[in-house]
Amino acid sequence: MKNRLKVLIIGGDNRYLEVIDKLAANEIRVFLAGFEQLSFENSFISHREIIEVDFSKIDAILLPVAGTDSEGNIETTYTDKQLKLPKQRLHETPEHCVIYTGIANDYLENAAKTANRKLIRLFTRDDIAIYNSIPTAEATLKLAIEETDVTIHGSNIIIIGFGRIGITLARVFAALGANVTVAARKSAHFARINEMGINSIATEKIDKVISGMDICINTVPHLIIDTNIIDNMEASSLIIDLASKPGGTDFDYAEKKGVKTIHALGLPGKTAPRTAGEIIGGVLLELLEDSMQRT
Amino acid sequence: MKNRLKVLIIGGDNRYLEVIDKLAANEIRVFLAGFEQLSFENSFISHREIIEVDFSKIDAILLPVAGTDSEGNIETTYTDKQLKLPKQRLHETPEHCVIYTGIANDYLENAAKTANRKLIRLFTRDDIAIYNSIPTAEATLKLAIEETDVTIHGSNIIIIGFGRIGITLARVFAALGANVTVAARKSAHFARINEMGINSIATEKIDKVISGMDICINTVPHLIIDTNIIDNMEASSLIIDLASKPGGTDFDYAEKKGVKTIHALGLPGKTAPRTAGEIIGGVLLELLEDSMQRT
Amino acid sequence: MKNRLKVLIIGGDNRYLEVIDKLAANEIRVFLAGFEQLSFENSFISHREIIEVDFSKIDAILLPVAGTDSEGNIETTYTDKQLKLPKQRLHETPEHCVIYTGIANDYLENAAKTANRKLIRLFTRDDIAIYNSIPTAEATLKLAIEETDVTIHGSNIIIIGFGRIGITLARVFAALGANVTVAARKSAHFARINEMGINSIATEKIDKVISGMDICINTVPHLIIDTNIIDNMEASSLIIDLASKPGGTDFDYAEKKGVKTIHALGLPGKTAPRTAGEIIGGVLLELLEDSMQRT
Amino acid sequence: MKNRLKVLIIGGDNRYLEVIDKLAANEIRVFLAGFEQLSFENSFISHREIIEVDFSKIDAILLPVAGTDSEGNIETTYTDKQLKLPKQRLHETPEHCVIYTGIANDYLENAAKTANRKLIRLFTRDDIAIYNSIPTAEATLKLAIEETDVTIHGSNIIIIGFGRIGITLARVFAALGANVTVAARKSAHFARINEMGINSIATEKIDKVISGMDICINTVPHLIIDTNIIDNMEASSLIIDLASKPGGTDFDYAEKKGVKTIHALGLPGKTAPRTAGEIIGGVLLELLEDSMQRT
């Protein structure tokens, strides 16, 4: 009999339903802690109390996107029970066992280190970030349509940053007929933006063009949209800041000046949870298959 | 002194603010009935009670997008007064005076006919319909993003009809990475759809492909999405019907089968009133200028 | 036994190899006159001398794209014999027999009329014209790349006409990153051009913008690029005229002024004969199937 | 008086005409060695024999794209004289003097090292490579249109490599309606290809899909299209190899198997010399301005 992979999933939200399906569809044995409110009709899927789990047989552990809180508590959606990272039992797992999480904090990193197990932060991976840029861009588009009284088509939109999300945003808004300008810093980025048929501007010169912009979308995680830039914006402009907390906008000053701001975080899970789950499931599956081939 | 055009606007909603601005910016004298709650600082714009108007000097009358109701009442947004079409006084206008409306009913058509004045239904014009297809497509996109738990990118979407709105919808959804199929009837339409790199299917064969579709968008104003098609849809599918009342969907049957439906009408004015106003203003201005050159 | 369609093909060039294949693949009996230099290993295909043909069994006759010359001679590619339209024998065909040609002249029209048989000019059909616009646009693109020392990306290109070919040209050149302006006349065309995110100008104002254009592509079959427009062009500009003879350019004047011109005709057959043949075969097949259903 | 930059250009082809114009237009003093056949009417441009040059005043030296040959000879286009790198005199230049070339060989590297001057290989820079990918992609497109008898629209095209050129090729061919598959290796590349709405395949699995491909475009500079892949190709396929010598194709084997191959190198300079010159000039100008600000 084929030696099947065994994955323990502890907690998670509706995105994980797709992950569970995907793993089971690929004949991976999935043990679920924190999903008692759901029932699955697939013989590869079974519920488990953490206490019952035989960790010596577990090849991988999947934690929620958010990992744990600073005391090891795990967020759940489909149980009333309180779950905690089974820190002490990690060392019972086989040496090759990998712990997967979306993001990690000190608590989780220490737990993995102490147990001497590999910890993979899925959400820092390039592939996940790029796949997630798609639902992020669509959700941003939805906000932009909702919060303005003009069409995206023909609007002047500045996108700050040309990284994994910025590239996708630029393509999406340009595809809808917006007049897009991307603010970037690197000479290679300017070349690529030009090749895409999009306008560009050096980040330090945003203040020179901001007054004509209907929408300003930021992806850079440090203060960019400062008092100087806000002073140059029209009060009717909209700022959508996608950068992780604390964002790249002086929100207080924007409010004072009457410029509407939206700090939009965690968009993939909110807008397209099924796609977000497929993204996690798809990458996780590849990582599991790779790790299996190596052993 | 240049003989300026004089336009009387009776009623209308926020879209007309752009229209008023545009006309005045082009040095057309604008008389407003039904806008007392607003004040304008432009010498080309002035408020008027209908009773005060010197109709013999009016070159054009603009009614709301909806025209009048069946008794001649006119919809207003910025007044508490009840306005009515000044039917009896239309014959006081110069012979060249044109009455502009979005759409028309029997009452309005009769009134124009009796007064022997030209009535132009702006919303049946190809140019307005095509320009309006842009905010319509964006609003449809917003609904599609909102009402599904997957991304548009990678979704299977069928668009029924390849007219003025269908073409725009096809381009917008394909640009976002959806896998678009357009249902059409004419051989020239199939050729154009193919040229656009989009899949097509004969309208009478929709039932053959509908089961794989995440979203079905209808633009055809008669019953297309019938019991047969609905029977072949997945319950998780979404129907967005853009066709004017009564739409092209058997809504009752869809509800019975648990298929979510949205009958979305008047989207440009709801989603992008400023753009919608610019569209009306832009076309109206051209028509006024044309008519002026002819006189 | 199923009553199979019988099609007689008289002459034609390499495009017709695809047509022959397509018909035979759909189990239509194909009789070939003028293809002796080729051999086919398909039981649905057979060579015939015109004199041997039993016209009373022929459901359709396909002539070359060019039809006949003014004396009824038929262009051939794969025979040394001289072929002529069997004018006298057309009345032997069944009444439902249809004669297909690309284009027709008086001789051919008279022959069909005299025999009282339906004549279909395939190349005047919208669907064929739209499908053919694809190889035409690609061949135009190739010329534009070849004949200029700059990239299409970033070039200023004006396309005159927004019909079946103009629409495709606009999309293709814009997709490559050119800065495209389309010259048109109809208000609905301006709306659609705008929706496509492309610049537009009224045809009568081309002279106002022509000086900044690197390439001027004409699709309108009467004199548009006249002395006035040529006087306003840079000598380094390139004119590609796609309109059928005599084209829409004052070629002599352009030459005198040192502006390079290319009058490019029959591009699909020259650039992509296999695709051009598939287009003809595809539409012909549909027409044959439709006609069969009606009988 | 402003202290102007002084640049010495030694040799070069028609691309350098744009470079010279651009530098002079930005008020940089340009000394030309190897351009006597041309005359310039710009006071910032002057011809010089190398022997006359006061190297102590030279801020930058620009060599041809190809640099020097292995004996220091420099390629020229606009002179009959034989030019050689003035190796011994490089140390006379100010310390901040930079030597710019397209590519470099041992001879040139040693010369710069011996003189202790910075050598910049422009063509290894990301920005230049990305800008050059545009004329490269257009030239590849032209070849693909020319060398096949079908349209790009609807063709199956595989692009091997998703680097600076591969990304541009993917966008260009997809924009024309080709059915594009990109062969890549990195998970982040697969994510980006997916986001662009394009198919992908792992490079090691090309042989699984190659049989359906009309055109295979390689950008990877080591053997990829080997006997195994060629054995799986249709004889009617076309290989366009853009990788620098010796390319990524087993050309002998392809020839033996009757598969047409084109090893296309140096496309920007051949297809769009003016654009190619603008690219070099644009980046050079920025580098010069940056270096000036630092001194």
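Should a chain be cited, it is by its letter among A, B, C and D, assigned in written order, with residues numbered from 1 in that chain.
Methods note: a contact is a pair of C-beta atoms (placed from the backbone, for glycine too) under 8 Å apart; a residue touches a chain by one contact, two chains touch by 3 or more.
Predicted model only: the values in this text are computed from it and were never measured.
Superposing chain B on chain C by their CA atoms means rotating through 180 degrees, a value rounded to the nearest 5.
Both chain C and chain D derive from one sequence, and where they touch, over half of the residue numbers involved are common to the two copies. The distance from the centre of chain A to the centre of chain D, each centre being the mean of the chain's C-alpha atoms, comes to 37 Å. Chain A and chain B have Cα centroids separated by 38 Å. Looking at chain A, one finds that residues 134, 153, 177, 195 touch two or more other chains. Those residues of chain A whose C-beta lies close enough to touch chain B in the complex are 134-135, 138-139, 141-142, 145-146, 148-154, 172, 175-177, 271-275.
Interface residues of chain B facing chain C in the complex, by the touch rule stated above, are 125-128, 130-131, 133-134, 167-168, 171, 187-188, 190-192, 194-196, 283, 286. Residues of chain A that touch chain C in their complex: 153, 177, 195, 197.
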